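Going in written order, the chains are labelled A, B, C, D, E and F, and every chain counts its residues from 1.
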Amino acid sequence: MDKQTRYEKGLLKLSEVDGSGGHAVVRSLENIAPDLGKYIIEFAFGDIYTRETLSLKQREMITLTALLTQGGCENQLRVHIAGALNVGLSQTDIVETFIQCIPYVGFPKVLNAVFTAKEVFQNHAVTS
Amino acid sequence: MDKQTRYEKGLLKLSEVDGSGGHAVVRSLENIAPDLGKYIIEFAFGDIYTRETLSLKQREMITLTALLTQGGCENQLRVHIAGALNVGLSQTDIVETFIQCIPYVGFPKVLNAVFTAKEVFQNHAVTS
Amino acid sequence: MDKQTRYEKGLLKLSEVDGSGGHAVVRSLENIAPDLGKYIIEFAFGDIYTRETLSLKQREMITLTALLTQGGCENQLRVHIAGALNVGLSQTDIVETFIQCIPYVGFPKVLNAVFTAKEVFQNHAVTS
Amino acid sequence: MDKQTRYEKGLLKLSEVDGSGGHAVVRSLENIAPDLGKYIIEFAFGDIYTRETLSLKQREMITLTALLTQGGCENQLRVHIAGALNVGLSQTDIVETFIQCIPYVGFPKVLNAVFTAKEVFQNHAVTS
Amino acid sequence: MDKQTRYEKGLLKLSEVDGSGGHAVVRSLENIAPDLGKYIIEFAFGDIYTRETLSLKQREMITLTALLTQGGCENQLRVHIAGALNVGLSQTDIVETFIQCIPYVGFPKVLNAVFTAKEVFQNHAVTS
Amino acid sequence: MDKQTRYEKGLLKLSEVDGSGGHAVVRSLENIAPDLGKYIIEFAFGDIYTRETLSLKQREMITLTALLTQGGCENQLRVHIAGALNVGLSQTDIVETFIQCIPYVGFPKVLNAVFTAKEVFQNHAVTS
């Protein structure tokens, strides 16, 4: 029962945070690595995102920073920039999060993140 | 005058955020790369940390995440864990920031950050 | 009940793989981030290490490679080099795993891993 | 003569592991950095891949892990996922290798690797 | 006045190094993160690139190496490979810089950089 | 005969660049991974460092940048900072190389490199 609960809790949280983008990622794993989708839902969203102490806005800010910093994760940044907007961070908050990273990771990765955000913001404007 | 202002603004902000730890870093650069200390004060603290939109608590949360994610920056983590406490994040907030990183960077770097925090918290308790 | 099962399954697997080194890591988290220890047991060892398809030897070989490649994880390498010996990889297998990484990550990180192994092998010889 | 031997040994091993994909990489270097292609054949394949102790399956498993972990190497992953199939790893082995990396490098890079594998498996099905 | 000077100095240096490519990057930031463009001009080009001791050729060689090594920065590599040509490095110097990195970062990232250079050299030939 | 030549060429170059520090690294590999030492001599120093086009000063500048950028390679930085001094780079050149990296990799890794240099310069002064 608990396993179901973790999955269910995770699925609700995934919907709340990443909306259709998160579900699309999980669905695209179905015919290659369905357990990977299950772990994302159960562990990342069921166990971690549902914890107390930090708000969803804070959690997305941290996630954006971790994605920007490791580099090469533009696809995941795309999903979580949309997620950050979903949970109430403004476009300005998101760009400012990236700017705060400059002294710690340098300009190149910050530029990659900002250009990814630019693209997401434009699509978001079109679809809303 | 503006250059002085950036330096002065940065020095104030450095004191506010990193306290004695930040000044110790800058001082230890004096006889090898004084300009590096100057850029940290002027650019990181004078230009970036003084920006609006995000609070100092948010900025330290982002900095901690960027340091944890790139790895091998235990010395800088040490200074900024103390800085995070200085600007009002609790020990629980800091540990929770690291836990939020697990799905995005894996356990090893999170463990390194948590053990660094453990050490800083212990010293902090002793000296306060 | 399932949660207990994941924890119990993970604890058994942790004992099998990392022996006392793994338990020491979890124990040292108790007074700072006990949930981190719980996730390592439940998720890393209960969910992932217990999966089928690959043997424990293969899993440790993969883990060693992931730790070597990201760099700055000497503490985790130490635990998993001992773990690799526990599950039946020979000292030669471990060194050869590191040598296979040279073309993909370069000499410096391979040197760091080999010197960590040298240290673990020496302690292992002394204590066995 | 020995130099020729290393090159010849490497060329044979490259054909055995990476098949046409590896040769295509080397050929595309001809008019820009031919020595780079030579070093890949002589050193990576002639010196390292021909060593004893580990099987080609184990070597590809290690290579896949090193490529996944450092990130941003989707082109090389593509060649080595095909290589892993060539030397006898199954699609399930490859996906499972990536899943074993989750606790050590987090979900984003694992997702990148799995989606790259999905693409390679589809092309492989079409061409075989 | 000094701020203007840093910006003006940086703009001149940016033109000297990266030519139209650098200006295009800054312009594309205008409607999303104009301050990021300002910092690149003021700090990266106004403060750092204008320093003494090293020549522009040496500075571009260092920048190319830093971009290659962190990975996932192909867009920035593209701009700085063109920049390296602008300040007088030859195509051979650039490729040789990448080859010197092999023992320290491995083949995959070097391959990514060389293929990026191949593309830039081809466009450069067409437009000059 | 050619193999011997690569080894001999590499050994001479290693002596020229890294002096006693490089030999100490190779010697410390003897009873754990002697082939790793052989590859460093044959490939890194025999094949790569002996190439034309770039000077040894340029090669060490590139190596220092690659080591700084990947992080966690303080031991290798130590050897190559001494190597850079051996081939004629000044202390100022070395620090300036690190400062040029700030916009591309951020302050933390630059600080790590500068503090490593500080230590090497002090020992160098004592022993010369």
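Simple rule for what comes next: contacts are C-beta pairs under 8 Å (C-beta built on N, C-alpha and C of every residue); 3 or more make two chains touch, one makes a residue touch a chain.
Each chain and its UniProt protein: A, B, C, D, E, F = Carboxymuconolactone decarboxylase family protein.
This structure is a prediction, so every number in the text was calculated from the model and none was measured.
Matching CA atoms, the turn from subunit B to subunit F amounts to 120°, rounded to the nearest 5. Comparing mean CA positions across the assembly, the chain most remote from subunit F is A. At the interface between subunit B and subunit D, two copies of one sequence, more than half of the residue numbers in use appear on both sides, so the contact is built from largely the same positions.
As a whole-number value, the distance joining the C-alpha centres of subunit C and subunit F reads 30 Å. Taking each chain's centre as the average of its CA atoms, subunit B and subunit E sit 28 Å apart. One finds 24 Å separating the Cα centroids of subunit A and subunit B.
Subunit F has residues 35, 39-40, 43-44, 51, 66-67, 70-72, 76, 99, 102-108 in contact with two or more other chains. Of all residues in subunit F, only 102-108 touch subunit A in the complex they form. By the touch criterion stated above, subunit F contacts subunit E in their complex at residues 40, 43-44, 48, 51, 53-54, 58-59, 61-63, 65-70, 76, 92-93, 96-97, 99-105. Contact residues on subunit C toward subunit F in their complex (touch as defined above): 71-72, 95, 98-99, 102, 106-112, 114-115, 117-118, 121. Against subunit D, the residues of subunit A that register as touching in their complex are 25, 28-29, 32-33, 35-36, 39-40, 44, 66-67, 70-73, 75-76. Those residues of subunit D whose C-beta lies close enough to touch subunit F in the complex are 1-3, 6, 35, 39, 43, 47, 51.
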